[in-house]
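A short worksheet on the structure shown next.
Order as written gives the chain letters A, B, C and D; numbering starts at 1 within each chain.
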Amino acid sequence: MKKLINAPADVVAEALVGMAAAHPELAVDHENRVISRAGGPTPGKVGVVSGGGSGHEPLHGGFVGYGMLDAAAPGEVFTSPVPDQILAATSAANGGAGVLHLVKNYTGDVLNFRMAAELAEDDDIEVATVVINDDVAVEDSTYTAGRRGVGATVFAEKIAGAAAEQGTDLASVARVASDVNDRTRSFGVALTPCTVPTAGQPGFELGADEVELGIGIHGEPGRTRGKLAPARELVAHALDAIHADMPLSGNVVVMLNGMGATPLVELYVAYSELASWLDGHGVTVARSLVGNYITSLDMAGFSVTVGMFPEELLELWDAPVQTPALRWGR
Amino acid sequence: MKKLINAPADVVAEALVGMAAAHPELAVDHENRVISRAGGPTPGKVGVVSGGGSGHEPLHGGFVGYGMLDAAAPGEVFTSPVPDQILAATSAANGGAGVLHLVKNYTGDVLNFRMAAELAEDDDIEVATVVINDDVAVEDSTYTAGRRGVGATVFAEKIAGAAAEQGTDLASVARVASDVNDRTRSFGVALTPCTVPTAGQPGFELGADEVELGIGIHGEPGRTRGKLAPARELVAHALDAIHADMPLSGNVVVMLNGMGATPLVELYVAYSELASWLDGHGVTVARSLVGNYITSLDMAGFSVTVGMFPEELLELWDAPVQTPALRWGR
Amino acid sequence: MNVELCRAWMVRFAELIDADAGRLTALDAAIGDGDHGVNMQRGMRAAVAALDESPPETPGRVLIATGRALVAKTGGAAGPLYGTAFRRAGKALADTESASAAELGAALVAMLGGIQELGQAAVGDKTMVDALTPAVSAFEAAAGDGLGAAVEAAARAAAEGTAGTVPLQARKGRASYLGERSIGHEDPGAASTALLLRALAEVTAAS
Amino acid sequence: MNVELCRAWMVRFAELIDADAGRLTALDAAIGDGDHGVNMQRGMRAAVAALDESPPETPGRVLIATGRALVAKTGGAAGPLYGTAFRRAGKALADTESASAAELGAALVAMLGGIQELGQAAVGDKTMVDALTPAVSAFEAAAGDGLGAAVEAAARAAAEGTAGTVPLQARKGRASYLGERSIGHEDPGAASTALLLRALAEVTAAS
């Protein structure tokens, strides 16, 4: 295992030290492992909190700031945070108007956030929870733990964050977030596995000419293994899967996301294919993101996320945001 | 070779198609391979142009926009652009107040930009050239082609771009750029080699426990090969080399840059070490960047860039910038 | 089972987890995200530390303190599941000074109930439930022959139940994302549950 | 050398580059950035295309057109260097219909001059200059024995000069960044220059 780290067990704690040093506009509670806005909660504003295992950077800590998250709770690598930690993040985000929990749909995340919400209620903090489950690679049935939450998390954090910044109440911010989730779908492809520092070796073996189709963001194998193909085909595979689940039309917000080790020049090649596929299907790109936003450590690969948003959601998308990883308008 | 591409020879052309699709605020001339601001040159403003081989994304195209570059000329992967192409970029950036060429110090870049400058003079475009050479891994002597231009390029593009935006004249913008170069030093470390698409295999072999110290940005081996060490030691090695060449003190702008395949969580771990080294040496971080800004395709590794800037340069650093890869203040 | 024996059970469970952390993580890497061993290690070390810090007076309190520590430190799916399981078991023992075989059996039933209530997994879903359910039945069937016989039967049943997860397709937890590809692998959570009952059998035999 | 022969020279050079592109790129990967073969291929293909598009009337014009195409399409260090070299050589031939051995020798001298003026490299710096310099001397020494002998001597000298770059430490170009680590590798630009003179010898012998 070749990593730019000190000790596998210290990665998360030391990365938090680095984030605190690099971003004075953030406050990092190293004991509870909470990243929040340096200014503290905004009185009267709904707090927006997310969290989950680490290893997906910039998600979630890189999205803390004006117009997006109020606080994030990063767990160990690929391990959901614990209830006390999520409670601390919830308190750090509580401006008195209640707190929204944006939870990616994984058993661990769901259970720990549920316990944290109960603890928060004990502290008289009103909590609303929206579970994100946009991964079309997993069919949502009694035969699975349900669809994974992936790229839609970025969209929901941005848009719900903007709504909260505008003074919208908790129930409405939660409604906006679940609306975003309902209108968004994702699909991921891995060219290489990734290595969890404490595991020390790749999560799976992949031949030089093989890819994993329908991966999540935890280094798990995908639904199927395929042959390495031109970007055109891999991107079409992802879009076909999304289109089959949610027929695409009209204006969309798209994210061509890198899994962590795929260089930007390749992401732009893939984006050119994404743009021409959508164009060929009469779909118009209203807004787009190309880069590493929700990653899997050192995995090479990409994911495509498409949101079919009405004007109101596009306006919230365009609202000013100022975080380490997403910034515009101020 | 496992890459998210279609054909090795088409990578640059297709990535430009992707950039054009993703960034409507940019204009891409596919025939000449020039990326410029969609609005065209700003009348009366000094144009700032850079360029070089591709494979370093977001450099240079990702830095085209308000407050930074007016145009960029991306060559083939790791191959400097050709004179006609640089001339086209120069014309696209020419608002009538002259054009600054920011050139990384590589024989190919220097020679092609020199020929382009001659062609521009023929077209009555006044051109000033500043060569960036900040890499302390190469000693600047008659025994080398001189120091390579690496991280300081990002600083020079940002700061010279801000000066130009404020209406400063060509000679002064050039003076600011060379001032930035004179006050900036860099050092890079590779954990893995990278693979040029058309070459199809890694530029060098590196053992599981080896690193290359003192690398450039073209996948070349470094000055020496070392043993894989904790991030603390690798970062200290880079900072010691910089400090030995330019004793660090006072306020600095630092960039902890990823080479392309190193995940952000590792860069933050490394940044925590950089921050504590500087703190231990009584150096204050005035501004910082952590992320992939000047890369080497799919190489894993990092580079450290430190600029010792006076207040005027810090003010230019803080000036609004709106590009795909660097944005604040608007 | 008195407080010393219950505490010894938790300590032994932590030891077995430490010894097998690598194997548990490898099992999780195959069909999950490769952290179950590390998670359980972190959780049980915290639990043992908590028991050392303020030694509980009753077996029930030992299990509750263990559950609290697991919830607070483990994370992942296993944290809340095991944490709730231990707390429920502890509550079931109320404040008995020394639990009879029947009382311990009831505690194991409560443990299983807590896991199923929280995780909604049924037998055959390829989870820890596939190890704990047969263990509980075996325990109760053998409870008449005394604690020693019951825990030994439970440990054996849990091990068999764990082996039985190999041919199953997961319907709960991360492994379910793999669909049919989850078939052919042993479930890591079932494996750690088998260690829990193995630890119980060992400390009982030694007492 | 008449215009046909000169054109044949360029075409043959392009063929040899195509055939050896992989080797040239591999040499460059070892001490540079792994693109010399691809660069020269791109450049010489463009040159041959240009010569086909509007066939020049004189050998001088053939070399100038080749130089222009190389500057316009090659990029890297090799583009301006070879481009200038060919343009200088072409200008040296002025508008001779057919160049004598002496005139061709003068053109090769101009070629070398262009490279050194632009690149400031001296013999021993581990560049194409280490292949071209001995080639030029050998050509002039043998020019008295006629063109055939001169080009053959030049080709052999260029090959030897290229082999001679192996033990050298680079002082120019990317390879110089490696310091002592550049020792033990053949310089890719010298290798492509050797192909240029090999092509000249072949077409001359065949004519």
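The criterion applied here is as follows: a residue touches a chain if its C-beta (ideal position, glycine included) is under 8 Å from a C-beta of that chain, and two chains touch if they have at least 3 such contacts.
What you are looking at is a predicted structure, and each value in this text was computed from that prediction instead of being measured.
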item: Chain of greatest Cα-centre distance to subunit A; value: D
item: Distance from the mean Cα position of subunit D to that of subunit A, given in whole angstrom; value: 55
item: Separation of mean Cα positions, subunit C and subunit A [Å, integer]; value: 32
item: Residue list for subunit A, restricted to those that touch at least two other chains; value: 77
item: Contact graph of the chains (line, ring, star, complete, other); value: line
item: Chains touching one another, given as label pairs in label order; value: A-B, A-C, B-D
item: In the complex, subunit C residues that touch subunit A; value: 25, 29-35, 38-39, 42, 71-81, 118-119, 169, 171-174, 176-179, 181
item: Contact footprint of subunit A on subunit B as seen in their complex; value: 2-7, 10-12, 14-19, 21-22, 54-55, 57-58, 62, 77, 191-192, 208, 228, 230-232, 234, 256, 260-273, 275, 285, 288, 290, 292, 295, 297-298, 300-302, 327-330
item: For the subunit B and subunit D complex, residues of the former touching the latter; value: 53, 75-84, 106-108, 111-112, 114-115, 137-138, 142-145, 148, 196, 198-199, 201, 203-204, 216, 218-221, 223
